[in-house]
Structures are given as C-alpha cells and as structure tokens.
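Labels A, B and C are assigned to the chains in the order they are written; within every chain, residues are numbered from 1.
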Amino acid sequence: MQQFLNVTLTGLGQGAIYAAFALALVLIWRSTRIVNFAQGAMAMFTTYLALTVIEAGQSYWVGLIVALAGGLLMGAVVERLVIRPVEGGPELNAVIVTLGLFVAIQALAAILFGSTFKSFPAPFDLRGFTVGEVNIAFTPNSIYVILAVVVVMVALVALFRFTDLGLKMRAAAFSQEVSRLLGVRVGRMLTLGWALAAVVGSLAGLLIAGGSLVYPAYMDGVVVFGFVAATLGGLDSPGGAVVGGLSIGLLLSYVSGYLGSELVALAALAILVAVLLVRPQGIFAKAAARRV
Amino acid sequence: MAAPTKDTEVGVPPAAAGRFAAFTRRMPSSTLGKHALTLLVAFVVVVLVLELTGPFRNSQFATMAYYGIAAAGLTVLTGVNGQISLGHGALMAVGAYTTGLMLAAEIPLLVTMLGAMAVTAAVGAVVGVAAARLHGPYLAGATLALAVGLPGLAIYFDHWLGGEQGMRIPSPQMPAWFSDAIYFLSATEASSAKYLAYIGWVTLLVVLFLLANLMAGRTGRVWRAVRDDEVAAELAGIPLGKVRVLAFVVSAACAGIAGAVLGIVVRLAAPSGFTIVLSLGLLTAVVVGGLGSLVGALLGSALLVFLPPFVTNVGTDIGLDNTQAAQLAPFVYGAVLVLVMLLAPSGAVGVLKKLLKKLWIGRSTRRTG
Amino acid sequence: MSTLQISGLTAAYGPVTALDGVDVTAAKGQITAVLGANGAGKTTLLRTISGLVRPTSGTVSLDGNDLTAAPAETIALAGIAHVPEGRGVITELTVEENLRLGALLGSARKRTDGSLDMVYDLFPPLAERRKRDAHTLSGGERQMLVIGRALLSGPEVLLLDEPSLGLAPRIVAQIFGLLRDLVDRDGVTVLLVEQNARSALSIADIGIVLNLGKVVARDDAAVLAADDGLRHAYLGF
C-alpha cells in the first residue's frame, strides 16, 4: 500500500513535467505541423546554461531565468534559421532537420560542458513529508515542480484566450493565408510560437534535472515520453497534452515501480502504438479524423 | 526483358539522349545482366582494395560493410517507400544478439547470418504492421521509441543477454580454403581483420545486388508509387498496407544482416552500442548520400567510417581533449543532416547527377551546335 | 481617392499562365465586376492583388503607391481587404474571435475603434452565435462572417471572390444590397468576382470579362448585360 502511494506520487510529479514537455511539442505542432524532436536537446542545453551560472555562484533562480531566456532565444533562432526553409515542405524534411538539430546540439553540449554526470541542485528540500509515522515520496520540491507547471499552463491559457497577441498566434497557427490577409505577421507569430515552446521545454528540462543528474543524453527518454503524452492527448490539443502527460507519468511510474525501470521506454512504445492504432486522433482531440 | 527505363533522364536534349542510348547499348540489355556485371566488377575492386590495404584499413572496411548493409536497407525504406525509421539501430541490435546466441550454440556462420536476418525480419514485420498506418512525424516518434526502448530488453533479461556489460560473441574460425586463397592471391597470411572484411563486403555486395534488382523491378515501382501518391496508388489497386509492411520487412532483414556482421566484427553486443546515435547515424548516411540511392547509401556509410577519425584529429589539433574531440563527429553528422536538408535535399548522388547531366548536355550541345 | 490600378499583370503557376497582361482600374465608389468562366483567372487576379501570388510582371498600385512587391500583410494594412473564395473563415476560432481579428486590423489602420457592434447590427445571426466555434456556422452565416470581418478592418478596397457561392438567392440579394449601400455611403472601392454574372452586373458599375487570363471585354455593367454575343460566348446566360 505504501509503495503504491509512493509510486503514484512520484508518477504525478514526473507526469507534471511530461505534461509541460508535451505542451511544448503541441504548441509547435499546432503552429507549424512539425514535431520538434530537438526539443529535448534544446532543453538539455539550456539546463547546462543554468548549471554553469549556478556553479559560478549564482542562485538557482538566476539559473532558472538564464535557462528560460536562453530557451526563448534558442527557439526563435532555430525557427528562423533552420525551420523556416522547410516549413510547408515535405514532412520528412522537417523531421530530418529536427533530428539533425537533436544530434548536433547534444554533441555540442558534450563538447562545451563535458559528457560526465553532474548533479543539478534542487531549490527545495528533497526529503519526503512525513505523514504520521510514514515518510512518503512527496517532497517540498515536488510541490514546487507541480506549482511551476501549473503557473506556466495558466499563463499560456491566459495568453491564448485573453490577449490580442494570443489570438493572432492562434489564427496564424490555424490558417496562415487568412491570417496574412488580416494583416497578421505570420512569420513573426511562428517564431514567437517556437520561442515560447522552447521556454516551456526548457522549464521541463530544468525541473527534471532538479535534485538529480544531468548529462548530454538525459532528456532522450523525456522526448519519447513527451511525444507519447502529446500523441495520447491528440497532438493538437493543449489540454490533452496535460492529461496525457499526467497519465504517462503515472503509467510509467507503475511500470518502473512494479516491473523494472529498464522497461519504461518499451512500455511507452506499447502505449504509443496502442493509441495510434486504436484511437489515432488521440483521446481528447475534437476533430474526428486525423491522419497519423 | 524490356530495356531499362531511365526515369531520371527527363529533360535531356535529343542529341545527348541519343549518345546516352548508344552508350547503354553496349551494356548488357537486361537489368539483371547489368547488375550482375556491376557486381562482378565491384567484387574485383573489393579484392584489390582489401589486398592493397593493411589490417587497420581492413577493419575499417569491415565496419563500413555493416553500415552499408543497414544504410542500403534504410534507403530503400525511407527513400523508395517514403517511411522514415529511427529504429534501425535497434533492429541491428536484434541481429547482433541473435548472432551471438546462435554462434554460441555453435551453429555455422552462414546459417547464423540467415537466422539473424530471419529473426530481425520477423521483428520488422511486427513493427511494420504498426508503422504501415503511420506517416511522417508519427512514424518517426514511434520508431524513436523503439530505438530508445528496445535495448532495455537486453538489460531486463540480463542473465540471458548479458545486461549492461553486453554479450560476448565468439569470432568465427577462418576456413582453410580462405587462407589458401589469400595466400595464392597475395602471398601473405590472411589476417582475421581481412577475413571479417571479406565476409562484410561479400555480404554487402550480395545485399546491394538483391536490392538493386528489387528496386528496378515491379516491387520497386510499386514502392515508389505508394511513396509518391498514396491516393493514386490505392486507386490503382495497390494494397498500401501490404506494400508498406513488405518494405519494412525487407529493410529490417538488411538491418538484421548488418547486425550479424557487426556482431562478428565487434565481437560484442551491448546496449551502449545501439543507442539512438547509431540510428541517427544511419539516417545521416542515407540522407547525405541521397535518399533512395544505393550508391548514396554506400557513400554515406563511407562517411560514417572515415569522417570520425578525421574530425577527431582536427578536434585535437585545435586543442580539444580526447572526449571532446570524439563528440565532434556526431556534431558534424547533425550539422550535415540539417545543411543537406536545407541546401541539397537530393543528397550527394542527386547533386552529382545534376552536375553530370549539365556537363553531358554542355558537351553534346557544343558538338552539335 | 482610393483607386486600385492594375497594369500589365502577369502571373503563372509553373508552366500555366493564369494571368496574361491584365489591366484593370477599379475606381473609388464603384463596384467593378470581374466575370469569366471557370479557370479564367479571376481568383488568381485577386490573389495577386492581395500579395498571395507573386506576379511575374506588371504592377498593382493603390492611389499611386506601388504595392506589387509588398507582402500580403502589408497590403492588408494598406487597406485592401480580400475576402477569399470559400474557406475564409478560421473554423477553429469562435465567431467573435474571427471578428476580433478584423477589428484588430481596423485599429492598426486607425480606421475603427475595435468594436464589433457594427457587424452584429448588420448581421443579427452572428450576434446570436458570437461564442460558437465558427465551424458550426451555415454557409450563409460564414459568408456574413467573412464579409463582416473585412468591413471591421475599415477597408479602402474590398476584393470579394464569389460571395454568392452556395447561398440562397434571398441572402445573395441581401449581401449585394448591403454592398451597394456601403459603396454609395462610404465610397469603398469594390472588385467583385462572380460566376453569377447576371446578379453581379445588376449591382456593378463596370464589368470586366476575363478569358484564359486575358481581359476580353470591359464596359459599363448595363451595356455588358445587354450584349448578347458576349453573354453567350463567355458568361453563359
């Protein structure tokens, strides 16, 4: 019973992070119909930036700001320089470009920051709360992680629902041509979309790193889990990404807790294939038909 | 048999086309014959190269052989049939582990390689059935999950597959006739590196020969039709699903053979040898060479073998330490993937073809005009 | 004076020449109808004017300002509102959000105050459905939505591509009547592309007939409507 509780709580914390990462994938998918396979590598890179700042004596929070700002810049630059030319082209080309970025950024990080494992600080206590006599796997840091993800989601919802900029970004994502006819600078909106997504991705990378080890490949699994979560929710649906992220976090936590952590990625694959074959439009998508 | 169709020769002016036809008339008229002749010439070249180079180069060529086999299979899948796979590294792992298990049971090499091929093709069929319904980013994501997930099995069944440490693979005995033949050819004792290089290259040539014939025939046409326009293909009565699964099976079989060759060359199958970087390296090879081109796959795999030592040297020369310099190669792969897609999506072979055509047309128009 | 001046406009899709040296002048306060059979190049003409298609030669200018090479966004900001054929509604957004996009352009152009009331007064069905997703609208309601959205941008020039497509005659009459009022009251310049030549000519001032990318006739709307030979040859009524 206690193990079940602990596995569940761990899963929720992980799930919140996968949700954020999936949300970043969905933001990009909605605006450019591209799955950014480089997103994990980009987040890994900005986490290293934060670590560099922190190791130089700054606080965690300065590191956080550096990572998020780095993500913003990186997302914008990547979209402008390498994604723009393949937007709207054959879908395989865009996939290959993001994979190339993935490999290149990962190698670059290894060159700049080294390939060894480094520990990344957590801003809050990593010891679990004690309920009665029992110590549970829920820590002050878990609360921070979940709160951070919630704050970002609320901010994104507010941006897209209530501001003119958000409206223009959504319009540009849904219909480039009509948006241009309405004076929306579609190119700028797409750049902004990539930049915002990279910020959310960077946050996810930083939250995963907190209190654990970073190395250039530490986000590889998260890319897969985030993609599975996004697909589970329907790549088009931000709400679906959140629910998908939480579900994947829980499911994988059970697999890891009861079957073995080596099987987590395979379990993710099984979930993905099951979803794509049984309900390809995702569990939460509004549109009935989707070509997968 | 019908004359070979040259669908790449569109836009060549009549004069040049005439000269080209005259040139091709001197070749055997059937595609099969042409490929057989190429195979023979290639074999002679391989023997010459392997005899004229030392054990170090021989082992590099052995490495190139298994990359080449896997890349050839991948280029057929991605370039000819339009399905991307990031899971070919994992499929090679299936081939390598099967080889290890079978050789340990003292099954003969040839049977082992066929066994590795069959097992991997079977895994490929399962993956292919799922993959046939997916496209583009979904397929990439699913096969990425395969690449990340499958090595986990080797750790889960560690008593059987060796866990993190990996599984040792016994190296096959060099038969007497082989060392005799080599002694007869070059008056030297055959090294084991040379033996492995021969195994690799003979396998590679056979695979290329079979794939080339497959691609030139009906199967290739159907694969291309499905890639180019699935609606039209479906209207023409082509069963999309079956065709895609078949392409995946053929491609996986190649990956299995490649894994077998890798197994006997490296003598070890370990999860760390089949990371996502391997799959992406294969993708780089086929993209750089030119998607859908077997020659391109071969060029690409040469790049995978000969580029890393070169860039690593450059890296140490500019003052990087060894571990940093070792990362320059993947950095270059990634950068090259992006640049090729942005600047020359048809890859090296595509660019060469364009250049050659320009030269050819330039020459013939100068002569006639 | 907002006069749209098009001269020598040529555009091609690969080997297909869709427009071939087209000259059109759409004067302020007039409705200029562009007629022609399917594939004549009418849609291409509008798309080239609004910057969605790049011409191979020729110029487009508004009141003497050359807009030929400008991107579509700039052309929209300059006051040319293009209501595209068929799918102009962003179906994933609500009715109100679609309209807000037009109003945003209007405020950016300093023409309107960003209020949507004008359109809700004009088209009461839209007011009732303001919170609904646009994909739930009927064809006629969608047409009202795109026209209303264009009006909110306070346009100098309105480019309309087959606004009558698939609508009941009564709604067509309502929309055309509205257009006429708008032109007479605010002095908007309208370029109206129509298959439905008879009703288009009934509200237009000038008519132009396109055939295979070339202008084959240009005259007062009334004269064109009375020209039997031309009607039979190009307009099919």
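In the analysis below, contacts are C-beta pairs under 8 Å (C-beta built on N, C-alpha and C of every residue); 3 or more make two chains touch, one makes a residue touch a chain.
Predicted model only: the values in this text are computed from it and were never measured.
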Overall pattern in which the protein chains touch one another (line/ring/star/complete/other): line
Pair sharing more residue contacts (C-beta pairs) when A-C is set against A-B: A-B
Interchain centroid distance [CA atoms averaged], chain B/chain C, Å: 55
Centroid spacing, where centroids are CA-atom means, of chain A and chain C in whole angstrom: 43
Distance from the mean Cα position of chain B to that of chain A, given in whole angstrom: 34
Chain B contact footprint on chain A (complex, rising order): 29, 34-35, 37, 82, 85-86, 91-97, 99-108, 110-111, 114-115, 217, 220-221, 223-224, 227-228, 231, 260, 262-269, 272-273, 276-277, 280, 291-292
Chain A-touching residues of chain B, taken from the complex the two chains share: 78, 82, 84, 86, 130, 133-138, 140-142, 144-146, 148-150, 152-153, 155-156, 275-277, 280, 283-284, 287, 320, 323-324, 327-331, 333-338, 341-342, 345
List of chain C residues in touch with chain A within their complex: 50-52, 71-73, 76-77, 81-82, 84, 87-93, 97, 100-102, 104-105, 108-109, 149, 153
Chain C contact footprint on chain A (complex, rising order): 164, 167-168, 170-171, 174-175, 177-186
